[in-house]
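Some structures to go through are shown next.
Both complexes shown next keep chain A, but they swap its partner, so chain B is in the first and chain C is in the second.
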Partner chain A sequence: MNGSFRQSMAWLHTWTGLVFGWVLFAMFMTGTATYFRPEITRWMEPETGPPASYGATANAAVAHLSKVAPKAKSWSITLPDERQGVTRVSWQPERKPGEERPRRRGRGQNQATLDAATGEVVKARDTRGGEFFYRFHFQLHYMPVIFGRWMAGLCAMFMLVAIVSGVITHKRIFKDFFTFRPKKTAQRSWLDAHNLTAVLALPFHAMITYTGLVTLMGLYMPWGVQANYKSDQAYFAEVFPQSEEIPRSGVAAPLAPLPLILHKASDAWGGGRPWIVNVSNPGDATARVEVTRHSGDKLSYRGGSLTFDGVTGAMISESPKAGPVNVTGGAMYGLHMGRFADPVLRWFYFLASLAGCAMVATGLVLWTVKRRQQLPDPEKPYFGFRLVERLNIGTIAGVPAGMAAMLWANRLLPVEMAGRSAWEVNAVFVGWGGMILWATLRPTRKAWVETLSAAAFLVAALPFVSALTTQRNLARSLMTGDWAMLAFDLTLFALGGLLAFCAWKAARYTAPVKPKRRAAKLAEEPA
Partner chain B sequence: MTTSTTLAAPPATKAKSAKAAKPPPWRRRLDVAARGVAAIFLGYLFAALTTAVLARVLPGPRAEASMAATLLSFAVYASVAVWAFADAKTWRVWLGLTAGSGLLAAILWLSLTLEPRL
Partner chain C sequence: MIHLATLLFAYAGFVAICLSMAKHQPEILGRKLTAKEHKQLRIGGPLGLGASYASAVVASGWKFGSVNWIGAVMLAALSLTLLLPYRPKWTAPAGAGAAFVGGMLLASAALLSIK
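Now for the complex of A and B:
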């Protein structure tokens, strides 16, 4: 490019950052929330109880499945843990001869949610819970899944390039760490804020972007596998060998006690936790029980699995040990998911990720702040400037508002409503779109103050909405010692407060007076 | 991000040199577009071929070689994209990426001919 290496990197950083900035902001926000995916799901299913250990529920799950699907081809049991208070069970009916492999079923069919403590079926409201934010952050919404994932991958790639070029742009990267000049000109302050949030958590941003690409590398970069294997199936068969399907013998045999099998699995893992249990041919002499290790047990996301004889309970086989490079891949996956993190580390993940949101947001704002001073007539900016400015306001305030709107919908939509969970999701985009619309209709300053205030209200009022509509409220969480739900409400207050603070700052902001000399010079040099 | 530093330059020389060095806007746009295409599409082609070739030539079991190549692929892609905008000459970017991809494709073809996939 014209100019120095650093200048061209600055240019690249500016434009790669802008083009996908809005989608990236939404991805960062929903991804940040995903660190508390089980807690969000718990909050959104107020009918469910507190977290429980898995031991007591295994028998209840088997009893339920034996009742509703005794002749199923397979059962799947996802055990509760210290963050989740329910056991999720599902089953696959036996295929009739000649029948195709059934398509993946939507939620609600062939599955049930059981209370972890009592084993009773819980009729939770129809919601996608924290799962929606998780899905959205890598495949977006209202579009084919594969298309969304490619979009997200493209955004992540732009982000990676923006990080690399951003680091090159900052020759004083270490000094920037300690630089914040809130009282300087607007551009300096925004630049400092952008640098501070970016540099503070730079290792995190670089890690999360790269490992994010790694989680979907099979889609984005299949060529390493294609070069060595005739098909994906051949690769998966080698790396994750599946036990072959055994047909039912027709000889009935009772299932070995599941708690015993889980105990054996835990012993084999040196105290590791079982997480997902798959039973094939339940009730038959050929029954097999596959126990997958909890993803939070180890840094690597692939905890491995053990297979047991379903009748005798004897261990039959262990998933093969992966090689060092595959373990590295699993660890990168695990680093992204953060499931291994204990509560303290999880909060650091959350805060670093919030810094990432702030980095993207301040970067977007910086684009307009820098150009505003260079406008020939600040009262009448050109179309591109106005578009960026409005989308900035509508997205930075709109995404948190939209996410809060989903939680509002979760509490306010009738429990028996048809298509309820889909409408919860629609609420996200009604909220976000509404904020963009609002931002286009109001003058810049008022738009910032009003949309941020609205977002602050939507977020901070949620604990009250919840208290008025369900059993989940602050006092109850405090009395029952439900710290996760207590922290959830307090975090909503804190985030609402943060948005209110932003609104307050926007209201008090005074645009710097443009020095005449500078303006004349700038007019000659469009950015 | 560097505008503020460039602004510090004496106005007269700045304006003069900027005028002399600045190509017409359409040339600049064409240049950016050419680099963008090179970075995104040729860059992907180059990264994909690098991944495939590395998966073939890296030592160790093939599952490991495939994984190592794939894990590295995004670093290759990002570096190439940065280079596409960093190099002073756009033609050099295009030439480098097409020639490099051609070379990698030849190596891949040779490797696959000598030892087919399983």
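Now for the complex of A and C:
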């Protein structure tokens, strides 16, 4: 680590990038997919219908809950929106005396999925849907949640280190702003591609890494909270105020019509959308209805809520206005999640995030490209080189292949299978691990071409698998005007095509056999 | 519609900035720029990006507009950089076309909102 400041930064960039690169690539890929979390969930629950407006089934949800849990402590109703076609309801049974208030509402058995159009109960296949990619991208898998979050946070921290040191290392950030030379030497082209994907989407990369760390800052840096609050509970109570619990009076009273309450809430927000409805003490004279605003309405993720009297339907209170720090935190969270984004901006997010995947991937490849020329014997590279090379191939082709494998498993595993959703998740790692194994068993070039081709096939064949096994297919999406599912299938084709293109490039690539002569030839060409 | 104008203005702005850099002039135009042309492009580039930002703010307010604009800027720069090595001669006419179409879009949006 001797030498100038820039050299030490280059060293830092190279090695943090390499060591954390593979996990970061998986985090970036699954995070990219998460911009379409509701669509992925919809795709993975083919039994559910098209999206609907929030008011469509409010009555049906209440009717269902009144039937199955009339004496519940509370009900929770997540309304459908323009991206989700189901109403998810859950309920919390009355607690026995002396029992603690649970910190998180347990879901477990006390839940149901209702069709947004008809209000009927939908028996969807057991799947974690897009939720898995979302969870994986900040807490990984096969390890305790807290440990996974620390691992992901460590990777994100070093991502930030790699971004800052990378900008310092890049000597010609403005001069080479528009520079991409695909026909020059391998090292030149890969470096250009790495710079291109990094510099042009730099605002996104810096934002997403920083705000990603901010979303979990309470875990990584608890000291500010510890110094100012007596307990975690006191902190959470102030940041996320919860309405206080009122005991049941025992006097029965019918619930005010929910559509009316939703209408009032929407008016109070100047046309904002209700999203989650919490009803406490349903059927009792003390019933309260808390309506939380849709997270897609505002830049800040914390939309605020309104509380209504459950019997008269009159508005009682509004969640307190958030302070500046809370608003800043909410805005950073919101920026990271991109929930506020309209479809056009959501595609920007998706593309910029894909550029992030490409940045990590090109960086990883660059490590081997740079060192290949200096190998004493190119036929027999040293162990470290071979290890990096195989992990690169197995991860860059393996993560997309694994993610596609999950969608395959979603369509092919028997609907009644026990532990179905867990096996869908296992498929991700079987796919990824399989690709790493494949990469270790084959010569470099063949490994690249074969694993990338396999990944391309796994991704691009998904619309056909879906058409053969379920009611969901391209033609039907087109006929019914289900643009989200149509776009989903077309995106799979496009991503499969992209992987196939990479495989084709890898197959066609001719390594410079005699570097000296090639360099001389290049010098003759006009620059 | 205005989203597209944001993207097109950003592209046009970047073409102007790119053209004002000495290293890109031969590959795009086949010649060096005159001092006067250079000066015009140096002004035109930021002007294009500024128009892009203005259109984004008009369309979605300064909060969402700023986020949209950054997205558009990234996409515009990426498309120019990818077009440059393969079809360098197309970039400049495409920039002029983008500025024109963007202007038309904005003008028609303004007309529609007056009516």
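Just so it is clear, the second predicted complex is superposed on the first by the 500 of 527 C-alpha atoms of A that agree within 3 Å, B and C clash if a C-alpha of one lies under 4 Å from a C-alpha of the other, contacts with A are read in each partner's own complex, and residues count from 1 in each chain.
What we mean here is this: a residue touches a chain if its C-beta (ideal position, glycine included) is under 8 Å from a C-beta of that chain, and two chains touch if they have at least 3 such contacts.
Being a predicted model, the structure only gives us computed values, none of them experimental.
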Discussion item. Following the superposition defined at the top, how do chain B and chain C come out on chain A, clash or fit?
Written reply: fit
Discussion item. If we overlay the two complexes on their shared chain A, which of chain B and chain C does A:A456 touch? Say first, second, both or neither.
Written reply: neither
Discussion item. For A:A287 in the superposed arrangement: first (chain B), second (chain C), both or neither?
Written reply: neither
Discussion item. For the superposed arrangement, I'd like the angle with vertex at the C-alpha centre of chain A and ends at chain B and chain C, nearest 10 degrees.
Written reply: 80
Discussion item. Applying the document's definition of touch, where does A:L191 land relative to chain B and chain C: first, second, both, or neither?
Written reply: first
Worksheet item: Which partner does A:V325 contact after superposing on A: first (chain B), second (chain C), both, neither?
Response: first
Worksheet item: Taking the superposition as given, does A:L140 touch the first partner, chain B, the second, chain C, both, or neither?
Response: neither
Fill in: Partner chain in contact with A:A506 - chain B first, chain C second, else both or neither
neither
Worksheet item: Counting only touches as set out at the top, which of chain B and chain C does A:L200 meet: first, second, both, neither?
Response: second
Item to complete: Aligned on chain A, what is the least Cα gap between chain B and chain C? Give it in whole Å.
Response: 19
Practice prompt. Please give the residue numbers of chain A that touch chain B in the complex, ascending.
Written response: 1-2, 5-14, 157, 160-161, 164-166, 168-170, 187-188, 191, 210, 213-214, 217, 220-221, 223-230, 234-235, 238-239, 323-326, 328-329, 332, 370, 518, 521-522, 524-525, 527
Item to complete: Name, in rising order, each residue of chain C that touches chain A in their complex.
Response: 3, 14, 18, 21, 23-24, 63-64, 67-68, 70-75, 77-78, 80-82, 84-86
Discussion item. Could you list, by residue number, the parts of chain B that touch chain A in their complex?
Written reply: 1-4, 6-7, 11, 14-15, 18, 21-23, 28, 31, 35, 39, 47-49, 51-56, 60-71, 73-75, 77-79, 81-82, 85-86, 88, 108, 112, 117-118
Worksheet item: Mind pulling up the chain A residues that touch chain C in the complex?
Response: 175, 177-183, 196, 200-201, 203-204, 299, 335, 340-341, 344-345, 348-349, 351-352, 355
